[in-house]
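Sharing a structure, written as structure tokens. Questions coming.
Chain nomenclature is as follows: A, B, C, D and E, assigned in order of appearance, with residue numbering initiated at 1 for each chain independently.
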Amino acid sequence: MEITLAHYLVLSGVLFAIGLIGVMRRKNLLMLFFATEILLNATNIGFAAIAHFHNDLTGQMFAFFIIAIAASEVAVGLGLLIVWYKRTGKIDLDIMTSMRG
Amino acid sequence: MLEPLHVSLASLNIVTLAPMLIAIVGALSILCIDMIKGGLHKSFYVMVSLLFLLLDLGTVIDFGNIFLKNGPVLGMFDMVLVDGLAIMGQIIIVAGSMLFIALALTSKRFHEYNNPEYFSLFLFMIAGFQFMVATDNLIMVFVGLETASLALYALIALHNRSKSFEAAVKYFTMGALAAGFFAFGSMILYAITGAIEINQIASILAADHYANIGYVLVAVSFLLAAFGFKLSMVPFHTWTPDVYEGSTAALAGYMSIVPKIAGFIVAMRLFEFLVHSGVVWLQVILYVAVVVTMTASNIWAMVQTDVKRMLAYSSISHAGFVMAAILIGTTQSNTALFLYWALLSFTNLGAFTMLWVSRQKNLLPGQSSDHPFEKFSGLIKTMPMAAIMMGLFMLSLAGIPPFGLFWGKIYIIASAVSGGYTVLALIMALNSALAAYYYLKLIVFMFMKEPITEYGKHYLTNASLSLKTIIGIAAIGTIFAVVAVNPLLKVITLFVYNSGY
Amino acid sequence: MFEAIAFYLFAALTIGMFTITVMTSQALYALTAMAAGMIFISAFFFMLGADFLGVVQIIVYTGAVMALYAFGMMFFDTTRTLVEKRNNPRIIFILGVMAAALIVFILVSPIISTHLEARYPIEAAFGNSQAIGMILFTKFLVPFELSAVMLLVAMIAGIVLAGKKMDKSLTLMAEEEIALMSATQAPKDTEEGAH
Amino acid sequence: MEIYLYIALFAPLAGSLFSALFGASPKTSVTGIVASGLLFISFVSSAILLDYVMMGHTVHVEMMTWIAAGDLYIPFGFVVDQVSVVMMMVVSIVSTIVHIYSIGYMDHDKGFNRFFSYLSAFVFSMMILVMSDNFLGLFIGWEGVGLCSWLLIGFWYHKESATWAANEAFIMNRIADLSMLVGIFMIYWNIGSLQYDVVFAEISNLPMPIITWIGIFLFVGAMGKSAQFPLHTWLADAMEGPTPVSALIHAATMVTAGVYLVVRANPIYGLIPEVGTAIASLGAFVAMFAATMALVNRDMKRIVAYSTLSQLGYMFVAAGLGAYWVALFHLMAHAFFKALLFLGAGNVMHAMHDELDPFKMGGLKKSMKFTWILMTLASVALAGIYPLAGFFSKDLILEVAFVEQHYVLYTVLLLTAGLTAFYSFRLVALIFHGNERHLKYGIHPHEAYTFMLYAMAPLAVLAVIAGMVFKTPYYQMVTHMLPAIEYHIHNHTTFWIMTIGTQLFVITAIAYAYKKYAKAVKVDTKVESGFFYQLLYNQYYIPKIYDELFTKPYRELSKVAWKQIDLKIVDATVDGIANVIYRMGEKTHTMQNGNLSSMLRWMVIGLVVLLVLAIAFTVGYNAVTMRAM
Amino acid sequence: MQEHILSILIFFPALAAMLGFIVHKDSARAFGVTVAAIEFFLSLWLWHLYDPMTSGMQFMEKAPLVAAFGINYLVGIDGISLFIIILATFFTMIGIASLTETRRVKDLIVTLLFLEMTMVGVFSALDAIVFYVFWELSLIPMLYIIGAWGGPLRIYASVKFFLYTFTGSLVMLVGMLFMAYFYFQATGQWSFSLLEWYRLILPLNFQLWLFAAFFLGFAIKVPMFPFHTWLPYAHGQAPTIGSVILAAILLKMGTYAFVRFSLPLFPDAAVYFMFPIASLAIIMIVYTAMVAYAQEDIKQVVAYSSVSHMGVIVLGTFALNVEGISGSIFLMIAHGVVSGALFLLVGVVYDRRHTKLMSEFGGLASVMPRYATIFGIMMMASVGLPLTINFVGEFLSLLGFYKQSHGFTLVAGTAIIVGAIYMLTAYKKMFFGTVTKEENKYLKDVNKTELLALIPLVVITVWLGVYPKPILEPISKSVESIVQLMHDKAQTPEAQKRIPNLGNPEVKNSQQETH
């Protein structure tokens, strides 16, 4: 049984879906950010696999940059979270509804 | 072992990086200046930023001249693409930023302007957007986009009040999700084509005769979702009103112009080749998306009680309107897109600045948002000039001739007509009527109602000479737009046509 | 065969870990599970011959990102369980499953493309890291530099946002207060800037 | 001669404008005198023109262009020919007299000046009507007299009944005017001109149905002005106006405009005898119909008005039967004696303090001798007793009917003649004879101003001699234009039997009237409660029917149109669309509930929808391409 | 100066309005009157310069606006627009002169002057986009006038007015763009010049669609049934000056546009839609007359009467022959004068009593005789009495349409009946009877200022009723060229039959001169 590209892609898809579920169901902002990390990681697997099966480095490069982006996002995200937490004492997103309509 | 690579410097075209580098250098120098001598007045930073942006704009315009002579230029291992779209986009980005950065010169003190980092981030953001439009490499797009977005999140939050934090967090989170979409979409495109340059993707797909149509569509779905977020297409628009409300009027106005044009340019590069290759699905989806975005946001804008939120919905609707140009996909429509956006920048600049000058620091008791309609009640009696200006911008937004946006509007509708999208043209026209309602609502408040005294005190208190000048510029740009339309049209057509769009 | 076993093993592990991350109500569990999941992912990278990527994955994610999150968690004091209200979990479930099903459905079909050609082929002759280095500093130089800028932006943003500067709103403070504050805090601020 | 034409035409206008200058100021007799004087001038000019026309000339002037667009060319053109000059004379004589009379009659009225302004304006309009040389010019006058009639009926505007009657008159006339306009349109589009000479020259070239329709439409127009059934109700109500107005407008001149039109358009009607017969039949019917209503009415002026209506019927019989000159002749004679009758009635009213019910009068011959004489004279003339004017003109119509072998018409007209005599003398008897019933109401009658009586005198003279003296010269003159047909019963025996028989019949009717009403008035309750009496008294219930059938439904329908249709359907639809859109906004903008989680969900939903669509499309696409392969 | 007189005429009021901001508010009215008077005399001068013997456009001016897109500032007038322009300047002058408003007069004056610019602009524009610009721009001053100086429901009324007309004109805009696109396809160049569009002969099905698009915009403006419901509100709530201008000029834009755009551009479609439109016109005439009859508010009566009269105008326009079209254009002017005057008159009594309900009045004829007289004259003009201005137009319009259909004209002719019914009834309610209300007993009659406005209108009403030639002749001449153009362009046999061929109008004109 050979592991094909499709296997990796399916894995990537499944992980992405898990990420989506997390994004949708998390009310804790911190854990919501975890879910977005999962999304990016899922994509990374896909890129690496495609790069492998196409025998091409570009995919790996893309994955590399995605990792960089993910790291930056964490920094900014945490920064935002901290100010928010300092202001409200909570990181529950359900209280974040002062603007609506 | 690896052979050393010999790359001639000339072939790199390093100069293509110049505009972005100027912005980055500007950002860095602001940081350095702050380190050397802190506590400088914000006007200093505004002027420094303006200077760098001016340089930036100068180089871009210079590229424009070169482009008209030589056609599109690739640089830095084909990472940087300087074609008409990129130049037009950069001009709008940089010029728009110049106009909006000056809005920091308020008479009141606001938290963010006392932080030099604000200006530095602002310039970084511009660099990010410039990278984003000046390439057709998806990685570059992605990284540029993220650079700009991260800076933007920080800029919003720097306003330092809970609403702005809330706005930033919402924007950030949704942005992260959209980034995931973008990444996944690019991955699928890469999977089927092995390329991440849009023009190569296009040619490979064409060579395959779209054999993997399913994959293409899934990829397009993801990318549409990602850009739908950036361009605030329904139902990916939900961040827009909240973020606009949470940030300052100045920044909200900025967001309604600059990030979107960057998004449009990428969307243009990404989707138009698909539309042209007869991917019916995409045409239909775009059609539906355009119509729904325009209509739904117009309807929602009607029921708003806050002017800034109303303008947020209105900017969604404008985005939908302009998205139609991408759907139509002719040279005329792409020209119309730029024309429309250029004109919109002036009008929106004016409208948001009018909000900005009326900004008070604290909400009054019973006031739930910064700019409720009641605040503008009877403005014609208390401050006639302000009322007339605001009225002017509203009329322009509503597309009443001969004010700025009207010309953009007719050109887009005309392109729809000549592109064969008659029904779309009608829908667009009728949507303008819907939109007129809420713009009119503000006019009604300003011109036809009695002033509410407690708000009267707070109007125009944030105004300064520079802000008034900007309003003046915006007003002149709006009123006399007709003079500029012809040259703009000629230039834009040249740029767009020569870029192959 | 070995590859298959490894794939399924790690796939199961990753999916499991991430499911825990998404489903658990304990932030600590979630964090731990995610860190584990990240490491398992790096296994795929190694399997796929992307050694460099695998290493980066471990260092950046498990090292840097997770550390950041851990700091954050300590700050937020979220080790206690956080009760998350869910209004309609069914929608989430349906949407999630649908998304997964759709993606899987489309991805199981084989990719047939005759025009694929590797433009930066992975050559066995030299190591992956070398190849990466090669193209990273030629072809991908600009994105690389740009991501440096991006990281700088992220850093500035993080510092500005999380720093003390945001504790008090300059917008709302009176003029005298600011004067007072800058007098007392000025040295500190510069110190912070120097870091 | 043209100068006289202009004088005849514009002198009344000058009078009107002069009086109008004083419209808002208090009474000055100057206005009355000047207006009357100017009318007299007009009369003199008309007389000069008559003389000129008698010599066989006609005067035709074109003053200026009025409307010219495309092929349409309508000037202000005026013609004085044999027909119009007769009308001009009638109009100018009667109006001059009425003007002078009014100086006395309106003596105490606040609106004295205004009155003369309106009255002279009326004369001017009438002059335009008769002198115009084209149909549209005629229409100007036609509408002008309508306007003045409206003004004058509603002269006492504080009276509800007066203003109501004024509006009724105007609106009813408008109905007819529409038909007239349509007639004019037809003429224009078929002939290309509205000038009489052109039209009459070309009319015979048109296909028969078109001529017929033109005839019908024009006649319907005439019906309105001449108050023919079914557009007659306004005339009786118009008696709300001051009595001189009734004398001038609603007896002598305006109401005869319809007859004038038919006479004028004789080249048209000459081609369509069937329409003529219909006109004659309608005329006969109206003659009878109006006379019956006059029998029982208790309003002096209304009785006279019905008699006018009845006489108009006579005229239409003549005109319908092609005896245009006879119609015109009766028109003229009728103008004199009917105006006289009205003015007499005016005197009575004055004396009786505007009491109109003859049953509340009586024995007035003592205090108002001259009036009595004049009114009796007029009534005799109306009844058609030899040798007064009515005899010559009315009996001629009977002869016409007989000669043309319309025996039914003849019988009807004959009977009507009897009725006419009866009700005329019923009125005279009730007013001037018997007990002085008015004393009961504390009214002490007095004779009118002498100058008013003098003013009436010429009319009396004309009423007496018009038939005898004018008949021959008139005949000679008008037959230049109108078909010259002598209506003689060639059998002398028949002629004499008929003439004497008619006279006897009429005299019997007079005698009966005197017998019944001259002495004491017995109110026969049995008769009065009878069906026929009530039917006649209520004018055949026609006003009521109109009210129920047209006025009320129209009012209700209008209400429905406004409240139900306009507000609730048309406007509500527009507002409804707007509201639906707005509601949609209100309902759906809660989608933006501010919760980040749902925002994210919206994004995922969007993505999933896109994916579903993508896959659906792919599956469909593949299926199609597979089949194609 | 003569060659730029139209531009001067258009932009002078706007320029003056700008300066008007500086004028002290006490002198604002005097300033407004001065400017409006100058403008009026300029327009009279224009008439003086106008050569009535030519049927084409005169005083043409052209300047490129957006050359790349074929938009030019192109203005010019012919006999049709000339008099409406004069009417507009005249009414602005009269309106300002008789202004009784006391609240924020300066704003009002400035707004009115801007409005004047747009009005003159609409009627002199020969480029579709320029036309559209002025067309839309005219909404804004009106919106402000109604919304700021109006009655209690003013905001609803003004917004409704704006949105309704705006929606219609947007559809029209799409039509215009389509038209330009056709021109582009035919010639390879964008152009919005009407005169160049006239040369296009479109296939029937395109004509139908385009006609419909234009129609919607115009019909709402006219306003035609069933798009008329904004009008009663607008009139009901607008201040006197607003109603006057709205009724006298703004409504005419719609019917004018029919003549300028719909007929010559789409002759076949005009014939195709002739009867449907005539039906609508008849519904307008009869139905709104009935609605007018049911009104309780005198201003609403006049407002609905406007709709009814506009029906006659539309009918005349779609007679598609010289008589009908000339008549309808003349009626536009006539109706402008008469309804303008009627609204002024209603304003007189409103100023005194602050109510417009007819039941509040009664017997005014004895209290205000001069007022009653003038009202009476205008009312009679409104019901179309001969020798008043309205008659000429009404007669010609109906006469014209009679050529096309007997039955329709017969029904439409009921205008003269139903018109009389509501007008006379209203007049009776207001002026006749006895004075019952104490407040009405001492009402002042019209004063000098009001007479200043009303007397000229009375004079015009009678003068043009008696001697319409100076206006009718140039109109007729210009209409002839339009009809001929339509005939020449007509493709369907039906259209060729219905639109008369005038032969060579020049030859015919000279013949008429000798005549």
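What we mean here is this: contacts are C-beta pairs under 8 Å (C-beta built on N, C-alpha and C of every residue); 3 or more make two chains touch, one makes a residue touch a chain.
All of these numbers come straight from a predicted model, not from anything done at the bench.
Q: Going by the touch criterion stated earlier, list every chain that contacts chain A and also contacts chain C.
A: B, D
Q: Centre to centre, using CA atoms, which chain is the farthest one from chain A?
A: D
Q: Kindly work out which chain lies most centrally, taking the average of its C-alpha atoms as its position.
A: E
Q: Suppose chain centres are the mean of their C-alpha atoms. Which chain sits farthest from chain C?
A: The most distant chain relative to chain C turns out to be D.
Q: Centre to centre, by mean C-alpha position, how many angstrom separate chain A and chain B?
A: The separation of the two C-alpha centroids amounts to 26 Å.
Q: For chain B and chain E, let me know how many angstrom lie between their CA-based centres, rounded off.
A: Once rounded, the distance between the two centres reads 44 Å.
Q: Which integer distance in Å separates the CA centroid of chain C from that of chain D?
A: 99
Q: Per the centroid of Cα atoms for each chain, what is the distance between chain A and chain D, given in Å?
A: 94
Q: Could you say which residues in chain A touch two or more other chains, in rising order?
A: 5, 9, 12, 16, 19-20, 23-27, 33, 54, 56, 58, 61, 65, 68-69, 72-73, 76, 79-81, 83, 93-94, 96, 98-101
Q: Where does chain C touch two or more other chains at once, residue-wise?
A: 91-92, 95, 99, 102-103, 106, 109, 111, 116, 118-119, 131, 139-140, 143, 147, 150, 153-154, 157, 160-161, 166
Q: Mind pulling the residue numbers of chain D that touch at least two other chains?
A: Residues 589, 592, 594, 596, 600-601, 604-605, 607, 611, 614-615, 618 of chain D each touch two or more of the other chains.
Q: Going by the touch definition at the top, which pairs of chains touch each other?
A: In this structure, the chains touch in these pairs: A-B, A-C, A-D, B-C, B-D, B-E, C-D, D-E.
Q: Given the complex with chain C, which residues does chain A contribute to the contact?
A: Against chain C, chain A makes touches at 1-22, 24-28, 30-31, 33-35, 37-38, 41, 44-45, 48-49, 51-52, 54-58, 60-61, 63-65, 67-76, 78-83, 85-86, 91-92, 94.
Q: Could you please specify the touching residues of chain A with respect to chain D in the complex?
A: For chain A paired with chain D, touching residues are 20, 23-27, 93-94, 96-101.
Q: With touch defined as at the start, can you tell me which chain D residues reach chain C in the complex?
A: Residues of chain D touching chain C: 601, 604-605, 607-608, 611-612, 614-615, 618.
Q: Over in the complex, which chain E residues touch chain D? Could you list them?
A: Per the stated touch rule, the residues are 160, 163-164, 225-226, 228-230, 287, 290-291, 293-295, 321-323, 326-327, 330, 363, 365-366, 369-370, 373, 380, 383, 385-387, 391-392, 395-396, 398-399, 402-403, 406, 409-410, 413-414, 416-417, 420-421, 424-425, 428, 431-434, 466-469, 472-473, 475-476, 479-480, 512, 515.
Q: Which part of chain B faces chain E closely enough to touch in the complex?
A: Residues 380-381, 384, 395, 400-402, 406-407, 410-411, 413-414, 417-418, 422, 425-426, 429-430, 432-433, 436-437, 440, 443-444, 447-449, 482, 485-486, 489-490, 493.
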